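The letters A, B and C name the chains in turn, as written, and every chain counts its residues from 1.
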Amino acid sequence: MTPLQFEARYQADWEELQRLLHRLQRHERVPEPVSAERLASLYRRACEQLALARARAYPTHIIERLNQLTSDAHQVIYQQRELGLGRLRRLIGRDFPCVVRAHSAYVWLATAVFAVPMVTLGLLVYLNPDLILSIVDPRTAAAFEAMYSDTAKSIGRLDNAERDWAMFGFYIRHNIGIGFQCFASGLFAGVGTLFFLAFNGAYIGGIAGYLTERGLSSTFYSFVVTHGAFELTAIVLTGAAGLRLGHALVAPGPRTRREALILAAREAIVIVYGAVGLFLIAAAIEAFWSSARWIPLPLKYGVAACCWIGVLGYLWRQGRHAR
Amino acid sequence: MHVEALAIRLRPRSNGEAADLGVRLCQAAAPSVFGCYLAVALPLFVVCLACFELAQWLPTVAIWLAKPWLDRTILFVLARAAFGQKTTPWDVFRARRQVWWSQLLRTWTQRRLSPWRSLTGPVYQLEGLRGSRLRKRVRQVRAGKASAGLLVTGAFNLAEAAIVAAILSLFVWLTPEGMQPTIPILLDPSNHGIVQFVVALAYAVAVAFVEPFYVAAGFGVYLNRRVELEAWDIEQELRRAMP
Amino acid sequence: MLDTVVSAETPEGIAVELRPAGFGARYFAYLLDQFIRIGIVYTFALATIIMGGFGFGLLLILAFALEWLYPVAFELSRWGATPGKRALGLKVVMDNGLPITPAASFIRNLLRAADFLPAAYGAAVVSMLLRRDFKRLGDIAANTLVVHRPTTPAPVAIEDVEPLAPVRPLQPQDQAAVVALAARASRLTRERLDELAALAAWVSGDMGRSGPEVTRRVLGVAQWLLGRR
């Protein structure tokens, strides 16, 4: 068959397919509905003709036309048949907690490096409040005190305008920034991660100790305890991911450093995805729930307890038996 | 020119796709391109940064001025890569008369100011024309593609700016909370020198990374122009088909 | 042979050609979208300025929605692209060429936060320049690909000359080359066309000769190959 005969023979099919696709793409309301069978059969035929045209090296314009027709039809026929939620569900339901558990050694190390300075500095500052000035300057210390004082309209911020949304954006940026520091500085042989974990732990512990000593513990803890479940966990997890990177660089084992790093990044990035999710939840809670004064304290602590149990239980059990 | 030896699949493309093909070429030839380019660029950047002692603004300007001259090394390697050849710094050194020292005055003046220099660069460097024939040829290649050349320059200048911003903010990101430099500290005249030096350093890194891709993108648009003007893709096919 | 094209296989066993879009086009698409968003926020700001604090809250919600939902909404529309991408002829699809799924769109747009790091989309720029398929981090995570939208090929006008049978049977790819020459003939200069036709002169038995007459005979062979007898 010559190209011209080929074109002449199938021209009508192609035009019909084009018309059907056009109508479907425009969501036109038409008197008679487009027959799915007809569409499918035209599509299959176009696929065959494309394979034929390629095999016989027909002129480019014929191949291009068929290529475009089939790829358009392909798009229309498979339009959003599934939500693609499967991948997301797999990530949340299995991959993330499983990868975290597979890195438990890193997670425990990160927890220790984060928690030990936090508790130590918390106690030290509680016993000797002047030590706070070794972490922050006097102005910042005073600002923290004002934020959690009983007179502040909403907790945890200085201006009391209704800016929950603005604070939400700020918290996202701030949280993800800390996560980024912990993760990316793992590239400095893990030393950067260790430093940031310890530093953030010490910082948070110091502030907590200081505010407790000042007698603001009820405002402060009721503020941080709920979103802390997500935020502190996520900091530790990004730290664990950073340590994984650092370990791959320091001790690549039988692989080259480059290969080991790529492999480590591929696994660690799953932890980072999950941690970003946790940071987003933390930011939302921090902006809309933690800062609200009207919620009674018992309720806040109750919800916080649920959150902690939920997060830890999720990381502990979720996806354990999934195949 | 042996078109059939080209290791690139030619076909008429849109300008954007043509630039992408150039970037793809640069990726494929990355060891050759970056090996040769950095061998030339790094010593030059060190000299430029050393000029900091003379005047604080000098390193940035010197690196900026040197870009068209550095482009010639990159283009030399890319043109060989288009034919599937590898290039070592030694190859560049042997071709130094053609790569480094010819058209020297033009490179540092008119080429520096040309807003589509990566598109017209191949005409100047690879086609071996001179005088009025060269000018005519440049006009012919540029006709209808000037905007594409301009967009390539614009896009990759933005890429450079993004990377400079990224490197600078890395300094801020990786400073612990509470010790981060604030705007007043950065604007303090006593810190002016160090800030300028860090900016120059970041610019050097950005140029070291982005410039080969920029030259390659322009080279891609240039190749596409030759496909349009001279049907190189068809010549490629016909020469292969010859019995 | 170096090319930017990736091919994806359909369930019908047909390879669909996808042409991933690289840094240049995507950056300008992004800039265009950004201008549109700023324009919307600015217009809205002018309208709400009289409403005081409540209006400011609305504005923040709008800005937030535009930042995160604008791309998702447009990518899930029938164009599969934001207005900026559409203007530059781009489209977002899944790796296998299928339309983008809602979850994938959410993932790739949420992870713009990661691409933004450390500033000004530095990670995205580096990733797009280094990866063969020009993906940014969000695309890698969501298995999506930004491609150049295929354009309808212009109908080719082939000059009518007298058909001429080739002097010997031709391989399919040789036929394609001769026909492609004929299809391009009208856009080439006379001299260049003669040069190229001389390369194909063997198909009409004019090996080693060139000139307008040879060109005409080669184009005649192309007509014959297309099926005119």
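One rule holds for everything that comes next: a residue touches a chain if its C-beta (ideal position, glycine included) is under 8 Å from a C-beta of that chain, and two chains touch if they have at least 3 such contacts.
Quick caveat, the model's predicted, so the values are computed rather than measured.
Averaging Cα coordinates per chain and for the whole protein, the chain whose average falls nearest the overall one is C. Comparing chain pairs A-B and A-C by the number of C-beta pairs in contact, the larger count belongs to A-C. The distance from the centre of chain B to the centre of chain C, with each centre set as the mean of the Cα atoms, comes to 24 Å.
Chain A and chain B have Cα centroids lying 36 Å from one another.
A separation of 30 Å divides the Cα centre of chain A from that of chain C. Shown for chain C are the residues in touch with two or more other chains, namely 117-118, 151, 173, 176, 180.
For chain B, the set of residues touching two or more other chains reads 173. Multi-chain contact residues of chain A, defined as those touching 2 or more other chains: 180, 184. Put simply, chain C touches chain B in their complex at residues 1-4, 19-25, 27-28, 88-89, 117-123, 125-126, 129-130, 132, 134, 148, 151, 171, 173-174, 176-178, 180-181, 184, 187-188, 192, 196, 199-200, 202. Those residues of chain B that touch chain A in the complex are listed here as 173-174, 176-178. Residues 7-9, 14, 16-17, 19-21, 23-25, 27-28, 151-152, 155-156, 158-159, 161-163, 165-170, 173, 209-210, 213, 217, 228-231, 233-235, 237-243 of chain B touch chain C in their complex. Partner chain C is touched in their complex by these residues of chain A: 2-5, 25, 27, 43-44, 47, 50-51, 55-61, 64-65, 67-68, 70-71, 74-75, 78-80, 82-88, 161-163, 165-166, 168-169, 172, 176, 180, 184, 269, 272-273, 276, 280.
Partner chain B is touched in their complex by these residues of chain A: 135-137, 140, 177-178, 180-181, 184-185, 192, 195-196, 199-200, 203.
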